[in-house]
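Pasting the structures in now, so scroll down.
One chain, chain A, links the two complexes that follow: it is found with chain B in the first and with chain C in the second.
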Partner chain A sequence: MDTSWLLYALNLAYALATLGLTTLGLAVVFGLLGVMNMAHGEFVMLGAYAVVIVQSWGWPIATAMPLAMLVCGVLGYAVERWLIRPLYARPFDTLLATWGLAMVMRKTVEAVYGRGYRNIESTLSAPIDLGGVQYPGYRLALIALAVVLMVCLALWYRRSTMGLRVRAMTGNPVLAQALGIDTRRLASQTFVIGVVLAGAAGVLLAPLVRIEPGIGVDYLLDSFFVLVVGGLGTLGGFGGGVGVIGGTQSVVSSIAGQTSGYAVVLILSILFLWLKPNGLFGRR
Partner chain B sequence: MDSLDAVDAPRVAVPQAPTRSWRRPAAGPCLFGAGLLALPFVSNDFVAYQIALFLIYGIATQGVALCWGRLGFLPLGHALFFGLGAYLAGGLLKAAQQQPAWFAALPLALLLPAALAYGAARLVFARSHRSGPFFSLITLAMTMLGFLAAQQWSTVTGGFNGMADIPELPGTERYSTFYWAVAACALGSTLLLTGVLRRPLGLLWSALAQNEERLQLFGYATDRIKAVAFAFSAMLAALAGALFAMHQGIVTPLTMGFVLSTEFVIWAAVGGKASPLGALLGAVFVGYASSELRDHFAYWEVMVGVIFIAVVRFLPDGLAGLGGRFSARAEEVPQAHKTPAPDVKAQGAGVSLAFEQVESAQGGVRILDGLTFELQGPGLRCVIGPNGAGKTSAFNVMTGRLPLRAGRIWLDGADVSGASAWRMARQGVGRKLQIPSVFPGLSVSQNLDIALWAGRLRPAASLQKAPLGWDSALRGELLALFPALGKQLGAAAGSLSQGERQALEFVMTMLPQPRLVLLDEPCAGLSPAETHHMIEAIKTATGRLGAAALVIEHDISAVAAIGGDVYVLHQGKLLARGRLAQIQADPAVRAVYAGARK
Partner chain C sequence: MDRRIFLHGIAAAAAASSAVVRAASPLNVAVMLPMSGPAGLFGPSAKACAELAVQTINARGGVLGRSINALFGDAGLPPAEASQTALKLWKGQGAQVVIGMHDSAVRGALVGLFKGQVPYFYTPVYEGGECARGTYVNGETPAQQLAPVIPWLASERKPKRWYMIGNDYIWGRNTNAAAKGYIARTGAQVVGDEYLPFTADNFDSSLARIRDSGADAVLVSLVGGASVTFNKAFASFGLADKAIRLGSLLEENTLAGIGLANARNLYSSAGYFANIETPAAKAFSDAYFKRFGAQAPALNGLAESVYEGFLMLEAIAARAKSLDVAKMEPASEGASYSGPRGAVTMHARHVDQDIYLADVGEKGFRVVKTFPHIASGQTCKV
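Showing the complex of A and B:
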């Protein structure tokens, strides 16, 4: 009874960690730049495919991380430069253009690697004994990593000079420019950071999920709901959104089934979008 | 409009290249109708059957294009209404096999989705007119809920396998004659939409997308206009869904899915979101080509994605915008005979306004701090005060732009505290904004029409041609005051100079014949001569209407020229009130302006 409680807490922590990991990139891109990046999920998908590719080449799995980060970074830079930058003033068009991008990425992967599911063979899931509970080690590592990544991002945002400049840019872009901040370059860097985070999340999740070209949509929508509920551009909002969405989903799912969990998340999101569009801790 | 029609005339007379004839508004639908008629004869029944599917999708795409291309909000979840229409029609047709009385309920397949859309849109849009992107996401989430429901509620919907064995529409054969029913619906919806766009309602839709706030300040309840348009577009989607059920004989949860919603948007974008025919043809060509090529050519959908990106990036009006310059075309409305506009609803003689301890704050900053003043009867008054005194905010709190935290506002003895912009306008309060606010994409004459319709256009009249020819004596008099406007009636309002825009917005503010006018720096950016002219115009127009006016003004010589009482605001309170000479002698006012003490 004691141990089942622990198992339950671990599952919840794991659910929150994966949700947080996949949302992190969009929190940067949508929360800080205001770009509704509909291709966010596809960057996660690319990260997962990096693992598939590395494995098919026979390279060590760890090399997937730099590969995914490189690919996502270069692609992200090009996308920001030629697709997003001309559309910053047109939010609907950004949404649609990135949607088109998502389609291109998804269909390209589909055309090259086929529609089928892929699994990663990994030895990482050996269970670890934790106070009487057997829990997969990789999941534990993931929870720890998610916490570390979030702390790092929080420190970057709050303490680093780049974080300061980003905050200046989101607060008042014109004034930031007048103070000598190259907001164009900064926006480009921020976008790249966001999609690289998405790709990295894909690599980390690859051993745990079934990989297929269409997985991006779910990650995208979950991330959107997190940010909508939590509010954009604040760490509190991010944490709150992950807590509310992830918590609701895993609690309701464990009681009434996965579909109900998802339905409750959808209803919750609709209510927030309708009644509290700035979220729990909205910046504006 | 005169000039545009004149430009059109020779084009009608000289029919040469086919692209030319597209410029005639009826030419597109006529060609389209001819094409629909010819299709089964030039090809075969099977091709017609397949094309019918994409005509069906095209009707739903027209609904998406209406909201997105005309009203400026993007519905991401139209598959919900498509799917609802399909399930309802399918269910009713199956029920009618047992009990023919159910046929009578078939219109419900259209009306229920439309009612759902209306309710959702009213609830969301009533809260804020800036809810566009949120609304898109709400429609998306609603579709996904619908998808879940369709999948789970298997006793009714047949679950994942779908609702099968839906009978044909009586009198038609699925693989042959049903094509004609679909073709008739597609042509009908195209003609209907093209027609509505050329009526006052179509013009109001365009105006709403360009400057919703201005429309509210004329007394148009924009949230209702948007909700009605959304319901109408949902009804088109539901009609498409109902046809789909009859065409396919099976309805699965995929008809309610996210993917179909996105395809509607893509087809609308590629075909042309501003053009009903463009959107429909976008669905037919892209959809049909996809169904043919998807299996033969692995990179086909990658290509569609690339085309979609290119359209979003470079062709905001899609291929229709490229081919026929439809967007400019559709803004154009037919000319109607000049008729006098009906009178504005008579409002009580005289006017009185009172602010009573009004407080307002935003973002923790106190803007109005117990503002109290009153005015009685017609005539001009000036409002002065240093920057940040709360002059514009006093107007804003009256027209629902700022929240009222405490206090009351009385108009003719009625409590109007916290009323929305359009309700205030309907009470006879006109407002001109500090930065001239017009409908930039519409012509000067269309801008004036919309102002003239304010308070006069009944819902039924918004679908008639007559209001396009409405004229009022005041319109002529005001245009005589600003001859430069009268000469540019056909020009886009966005191309006017600052001074001309000030004049246009002023004329528009007066056209609904308000009893109380709030003019926010009407002389800003004008030369001394223009300022003088504007002040004379304000005096003439308000005198003619017997209206009261509050004019915010910084230039003391202009204040002197306007005359009347002067209200001095400072730090969100009324500091002094009186004739200009008294005010200038008031030590407190002198202190504020000369900086003796803060």
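Showing the complex of A and C:
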């Protein structure tokens, strides 16, 4: 019996889930604060290294998650306070500053852990049989987790007070401040949440992906394409971007090969930047 | 100052100056290694191998009685910049020999720069076909790595359907093109081949095609990170027990990224592995870790090839009694030495060397078969 369709469907779901997870952090930071965080991928990389580190200490792999969140949170707070805050409303300067930050993070990890590839020894990625299709169990868990996380985040953003304040701040920062919202603190919290999400994505992906200090750029580019296509600052834009970029890449790659898949993504991004610079569901 | 220490000092100075007299002018050798860029991973281990080679050769009298002084240049840059670096070492700092371990794009630029005026030793595994005058190649070619290995695998593992995947550039394509002939001769068929850009980091669609093709063997001509991601995903889809994998650029770092658990039925073919069990290879690795400590950058075939390049320089210079390319060209034919890889002989400015086929055990690569003295399959006129 032909079970290929199931494999392709799962691959598509996995592509969307991983793209969603890695983009989420940048969607928060870039979409809500307008900070093009070029070090986004490096926070994902830190998350992956957190797993490498706890494994080398002989700790259970699950402890990597709190470690990564702590490290990324503290680092994110410091970065927002001393690097980003003086540069709000100067997008190009922020871009350069965070690009520099990315290099420092990459080189520091290189200096401490070397440039070599790392691997997470775990049984998580072992295949399980799914009606004739061998599929890695961990991927299935990841797909489910990504869905749950997105739903929770959407609810939080729509329903919670902080979500409301964030929306007020991004809609009109001056008015929000006038209404007594501490936008400075809110911005700091938003940034920290964004980079912690990036770090968490790194932890979750670590057993499945290549790990070395330079992996950040891959995640940055894909996330950037998603936000270009989807538009900034709305859930619809985020979902739409993930769907268009992840879906196109996965489907075109399956039909016509990886080179074509990648080319179509690049062409789509260029067309959007050119013809629809606010994306599918842009706020502005 | 104590009189005895003073006298010791005098004696040492005298000994040093006599050494200087003996080797009137040190031989400057430019060593072009990837210290940055994607291959920068191999920089530290390659540099250490170069330093060990310099120490070893100088200890036995240097090259033509001159002690070697290595000048390092970064070859991990774009070809134009790397050739600027080489030009500075050659014309600016007086390098008389160049030893290079870097990609083919940089090699092309350096060959165009040197135009046979300076002997150039190119050491890493590569796609074959470099016949420029004054260029001496130590690296394994696809013919060398695959011609003996594919028939051996055919008799041992009996694959009938090969799938070929590679990065979309000259090495990946040439390697797979060479493999096609060897596979056909074993009676097996090639059921698919595809070439991916270096940016590819998701191989799901390729793996689905491999699964659908019913392949029972896969030739993996992916490089570095792509090979890591591909092989991890390959195992996670349960394909490791359905198909054997063969790679000719699967070295120790790549395997560390793949993980031993994901490397069942994975074979690697190369002229060197860090844990070859021959006395010469053991002596080399012992000397390496004695010099650089137990925490030294891990040995691998690419780094070790730099050491081979120095040994080939020593062998050809001894036959030519000169570092003049016009004299080295004829002397290179048949030049030989015995090094960590075993006996190496140069023909057509490429080398006949032993090829090792390894699978992966609990401690990493495990040589399962040695093919002695395999020709490079190159036909450069000398």
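Methods note: the second predicted complex is superposed on the first by the 280 of 284 C-alpha atoms of A that agree within 3 Å, B and C clash if a C-alpha of one lies under 4 Å from a C-alpha of the other, contacts with A are read in each partner's own complex, and residues count from 1 in each chain.
Basically, contacts are C-beta pairs under 8 Å (C-beta built on N, C-alpha and C of every residue); 3 or more make two chains touch, one makes a residue touch a chain.
Please read all numbers here as calculations on a predicted model, not as lab measurements.
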item: Joint occupancy of chain A by chain B and chain C, clash or fit; value: clash
item: First (chain B), second (chain C), both or neither touched by A:Trp99; value: first
item: Contacts of A:Gln134 with chain B and chain C, given as first, second, both or neither; value: second
item: First, second, both or neither for A:Phe224, with chain B first and chain C second; value: first
item: First (chain B), second (chain C), both or neither touched by A:Tyr262; value: both
item: Which superposed partner A:Lys276 touches (first chain B, second chain C, both, neither); value: neither
item: First, second, both or neither for A:Lys107, with chain B first and chain C second; value: first
item: Which superposed partner A:Pro91 touches (first chain B, second chain C, both, neither); value: first
item: Which superposed partner A:Arg159 touches (first chain B, second chain C, both, neither); value: neither
item: Which superposed partner A:Arg81 touches (first chain B, second chain C, both, neither); value: neither
item: Chain A positions touched by chain B in one structure and by chain C in the second; value: 259, 262
item: Complex contacts: residues of chain C adjacent to chain A; value: 38, 40-41, 168, 194-197, 199-206, 208, 211-212, 225, 228-229, 232-233, 235-239, 253-254, 256-262, 297-298
item: Footprint of chain B on chain A - complex, ascending; value: 36, 83, 86-87, 91-93, 95-97, 99-101, 103-104, 107-108, 110-111, 217, 221, 224-225, 228, 259, 262-263, 266-267, 269-270, 273-275, 277
item: Partner chain A, residues of chain B touching it in the complex; value: 68, 74, 123-124, 127-128, 131-138, 140-142, 144-145, 148, 151-152, 258, 262, 265-266, 269, 298-299, 301-302, 304-306, 308-309, 312-313, 316
item: Residues of chain A that touch chain C when the two form their complex; value: 4, 7-8, 11, 14-15, 114-121, 123, 125-127, 134-136, 138-139, 208-212, 214-215, 218, 249-250, 253-254, 257-259, 261-262
